[in-house]
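One chain, chain A, links the two complexes that follow: it is found with chain B in the first and with chain C in the second.
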Partner chain A sequence: MQTIDVADLDYKAINETLREAGSDFIIEGCCGQKFIAAGMSDKNVTINGIPGNALGAYLNNANITVNANAQDAVGDTMNEGKILIHGNIGDAAGYAMRGGKIYVQGNAGYRAGIHMKAYEEKIPVMIIGGCAGSFLGEYQAGGVIIVLGLHKDNKRIVGNFPCTGMHGGKIFLRGNCENIHFPKQVTARCASEGELDEIREYLSEYCSDFCYSVDELLSEPFTVITPDSKNPYKQMYVAN
Partner chain B sequence: MSIEFIYPEFEVIRNENKCISCRICEQQCANEAHSYDEKHKIMMCDDSKCVNCQRCVSFCPKRALKIVKSDCTLRENANWSNETIKEIYKQANSGGVLLSSMGNPKPFPVYWDKILINASQVTNPSIDPLREPMETRVYLGKKPSKVQRTKDGALDCKLPPQLELSMPVMFSAMSYGSISYNAHKSLALAATELGILYNTGEGGLHEDFYCYGENTVVQVASGRFGVHADYLKAGAAIEIKIGQGAKPGIGGHLPGAKIVGDISRTRMIPEGSDAISPAPHHDIYSIEDLRQLVFSLKEATEYKKPVIVKVAAVHNIAAIASGIARSGADIIAIDGFRGGTGAAPTRIRDHVGIPIELALAAVDQRLRNEGIRNHVSLVVGGSIRSAADVVKAIALGADACYVATAALLALGCHLCRTCQSGKCNWGIATQRPELVKRLNPAMGSERLINLMTAWKHEIKEFMGGMGINSIEALRGNRLMLRGIGLTEKELEILHISHAGE
Partner chain C sequence: MKIEGQVRIPSGCAISAVISKDGNKMSGETITNSMKPMHDRSNGLGGGFAGYGIYPEYKDFYAFHMFFDSRDTRKKCEAFLKERFEIVQSEIIPTRKIPAITDEPIIWRYFVAPLNSVLVSLQSEEKEFVAKTIIKINAEMSGAYVFSSGKNMGAFKAVGFPEDVGIFYKLEDYEGYTWTAHGRYPTNTPGWWGGAHPFTLLDYSVVHNGEISSYDANRRFIEMFGYKCTLQTDTEVITYIMDYLLRVQGLTLNESASVIAAPFWSTIAAKTDLDDQKKHTYLRTIFPSLLITGPFSIIFAFDGGLMALNDRLKLRSMVVGEKNDKVYIASEEAAIRTMEPNAENIWSPAGGEPVIVKVKEGAF
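For the complex of A and B:
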């Protein structure tokens, strides 16, 4: 385990250090440096302080734990690995992620999980403990997004326009979601036992990461949202 | 027949005296225009299925076939042309958005054809390229503003990453999915042999083609298909696709029916699922955001690869390019409104964007005026049709050209403009195995090499004629160009004089 004080380092220097030696790091004094661990594999990085945008972009197979909030574009185009945030995250988290996990204790900003994909054994999972902003799961093509709405203080669990253009994957929202308007091309319904079984493993992991009780989480019903078609735009064209 | 009937655009004419009913045309036409009437022992055809790809014409052993444009016309009208009326019928029949392929076919001005190139006479000797050395090599990437020295006074030769091209041409982005495996392989083989680069497009890089990485530009588009750390590291450069000349401001959409087998593997999305590239990158709303994507890619590849930002030529292109040059990008690629495509909404293709000639001239001038021209290299495409276009583009300020349609023509494309159907009889814009195998990569690459070798000779001849022996000395050398039949305003934007001046 190596501790790096990054108070005086820019992102380039931080990543050079991470790439060079060892696999286990604690980053101290992080304050807005972007791109931390971009494209890296086989590293375990704990960050104290607030990392900047695009934390863990193109992450290949590394584990990142942030003991604070994180900013925009966490896990952009992530391929494998795990990002754990003990706080809130900004906009566009998990953009086009194809594998790996992003577990957030607090809230997420706009466009979380936009264009998330899945491929063969790769199923990305994003769990947001609090609420998600507008455009959750826009263009979602695969993977699982779960929003728990813990400590939401009467706020809606997601903002406006969730699931727009969704054509794959699943979204689970804790609660009955009566006050949420979904677009036409998706179906929102109460999650069955079987569907909850699909996410039980992820929830257990999340609960052990953040010290919650799975049973308590599952004591409320979940709403599951799935797209009606893998080909939402088929009818729009005529050959010319 | 009914109100929905539209008379076929082409007629298949078979010379019955020459035809031997060998049925080759029937086998060659994936559109199933030809058939054989067993009972009467004659060949039949359904004109409505013909897209005029000339495949059957090329393969008929007796030269018994020709395809002609139908002369069954609606009543002529300068305002309501045949085409315009038929498009209305198609939309009234279906309610669909018109979808076309290949570049803008409308009769907009082609400025390349209104620009003439200079040659030396008497005062400045021309050079014979066959006998004297001629340099067509170019390096793309950021160039330092001044000579740097290290502490001990030695020259600091550390440059930002550069792409080396043996001639100022690259094959531009065409994704695996929109074109076939064999088409990609032909491009990769040819680029490697020629010492230039080809471009994966946004569909990822097939595992078989990682070995051509040094001659590959890997693309990152809004859908991020097949993008992962190894992919980014595999190429010689990374291209962020913001826009495309054929459909500026519009995303891409490969229907789920085409996402099968290797295509799904390479894009890393499930079979049968639509591959949707949203119109914008949803994390880019400003030049600062673009900078973030540029640098996240540089971080992920340890600053070893130049980053290209590709945009469509649109109205404020000069200001946009200036922003991109400040975003940290190494190369700007600009795609003009005549650029090709595998599928684009007809209206967008035909009406959005501006000609590359004007865009290039405006961008080069703007970057010079701002003193940042050396921060980026400029690559232009859409559409570059010949060595003459290349020479004119370089003299207007480009560092290199992107070529796609011309490359497809070399591979056998006959510009039938129905790539969107996925039934390309020439094995290019198709994924049907029986069609794909019609294109032999060894032969395809040889034809591409022939084409580019011929262009290179022609470029050298142009240069020799101007008394220029290095392509670097031609770049932005607008004194070598004159306009013909252009207005004052056009000349001003192109920054060239009129012929005779």
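For the complex of A and C:
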């Protein structure tokens, strides 16, 4: 285990250090440096402080743990690996990710899971413990997004316009979501036992990461949203 | 090689602000440092700051900060000002020679009061007269620009990275209860001294991260009311829109936010609070040309407070944090942590949701 104090280092210097020897790192004093661990494989990185935008972009099978909030575009286009955030994340998390896991204890900003995709055995998974902002799963093409709505303080579990342009993958929202308006090209319904079984493994892992009880999580109904493939590209930005 | 302005560089920009609700003064060093972790969001073609409460000894006078291209222009402009204002103090704005900031214009400030005889003969209200005079100088006097004009506040801007601009203007020597900051990465317009943020009129100032798709529609509308967009960039129109809505039309900050970042019609239709629905319908119907579309996060500051606002689709990042009497706002949490490592209640306002912070009555 190697500890790096990055208070006076820019992102290039940080990533050069990470790429050199060793596989286990603790980063101390992080404050806004972007692209940390971008494209890296076979590393375990723990970050103390606030990592900058595009944390773990193009991640290729490394594990990143952040003991604070993370900024925008966490796991942009990541391919494999796991990013664990003990806090909130900013906008556009998991932008176009095509594999791996992003588990967030707190809330997500706007456009979480925008254009996530999947291919054969590659199925990206994003779990948000709190609430998600507007445009959750915008243009989603594949993969699984789960929002748990824990500690939501009477807020809605997602903001406006969830699933806009969604044409693949699945979104699970804990609760019955009666107060959420979904676009016409998706179907929202109560998740069946079989569908919940599909995500039980992910939820168990999430619960052991953040010390929650999976049975308690599953004691409430989940709403599952899937695209209705007949009409996937209903425009929103033009006819506003 | 094509110069900036002929080519389009897609990019970021950075904003940052701090305000003390108790009116406690802070030097400009903190806000300057907040821009450092966001360095890569700018490209060195513009940085600037606005400080409020910085001129207590001249608090009853309008502080004009000006750029001149030559001594002749300055003399000509001073003659123009003297016919309209009592100038109680005129001086060079102190700057530091540093390699990072070059080609500076002549940078001067004047503390002025409009001549009563002029106001009487024009039958003009004071603020209206001052605003018109500034617009006239910026539009008609070649080589002269008023880039700050409020009472007990001032904007400081330049071509350079914001953290260097703060050092250039010796901001550590000023004490303010509100500071805002901007790092520029110009996309469609030239990087020049007048085009750096903040954009100001009277005590209003705007720093903006984004790009206004509706700029020309907004500009055409606002120019019907005597404003002139002269600074070759989109952001200045926001300042004039806010001046028009708040000072001329008498709207509240919340109402102004509902005009410039109006919700979608579908969002308005879905509102369960019918009074709120009626209000939004009214504002969107009356001021359709002042809806600002395209990505923006702005911090609008004024005498005694500020308002932060995102576009309704929230296409730019913005976070808010607090600690004791202070509220911090920035494009990135890292900037807030630089100002206050132990900031609490970090949150991201929704698109179109204004965050309004005012200094306690009488505290500034």
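Following the convention adopted for this analysis, the second predicted complex is superposed on the first by the 230 of 240 C-alpha atoms of A that agree within 3 Å, B and C clash if a C-alpha of one lies under 4 Å from a C-alpha of the other, contacts with A are read in each partner's own complex, and residues count from 1 in each chain.
Note that contacts are C-beta pairs under 8 Å (C-beta built on N, C-alpha and C of every residue); 3 or more make two chains touch, one makes a residue touch a chain.
Predicted model, so just to flag it, every value in this text is computed and none were measured.
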item	value
Contacts of A:N79 with chain B and chain C, given as first, second, both or neither	first
First (chain B), second (chain C), both or neither touched by A:N160	second
Partner chain in contact with A:K34 - chain B first, chain C second, else both or neither	both
Chain B versus chain C as contact partner of A:K117, first or second or both or neither	first
Larger contact residue set on chain A - chain B or chain C	B
First (chain B), second (chain C), both or neither touched by A:N53	both
Touching partner for A:G133 - first (chain B), second (chain C), both, neither	second
Residues of chain A that lie at the interface with chain B and also at the interface with chain C	34, 53, 72, 91, 240
Residue ranges of chain C touching chain A (in the complex, touch as defined)	37-38, 40, 264-267, 270, 313-314, 317, 319, 332-335, 337-338, 346, 348, 350-351
Chain A-touching residues of chain B, taken from the complex the two chains share	87, 90-91, 93-100, 222-224, 227-230, 232, 253, 255-257, 268-270, 272-274, 276, 278, 282-283, 292, 295-296, 299-303, 345-346, 418, 420-421
Residue numbers on chain A that touch chain B, as the complex places them	11-12, 15, 19, 34-35, 38-41, 53-54, 57-58, 60, 72-73, 76-77, 79, 91-92, 95-96, 98, 111, 114-115, 117-119, 122, 138-139, 141-142, 165, 167-168, 230-240
Residues of chain A defined as touching chain C within the complex	31-34, 49-50, 52-53, 69, 71-72, 88, 90-91, 109-110, 133-135, 159-160, 181, 240
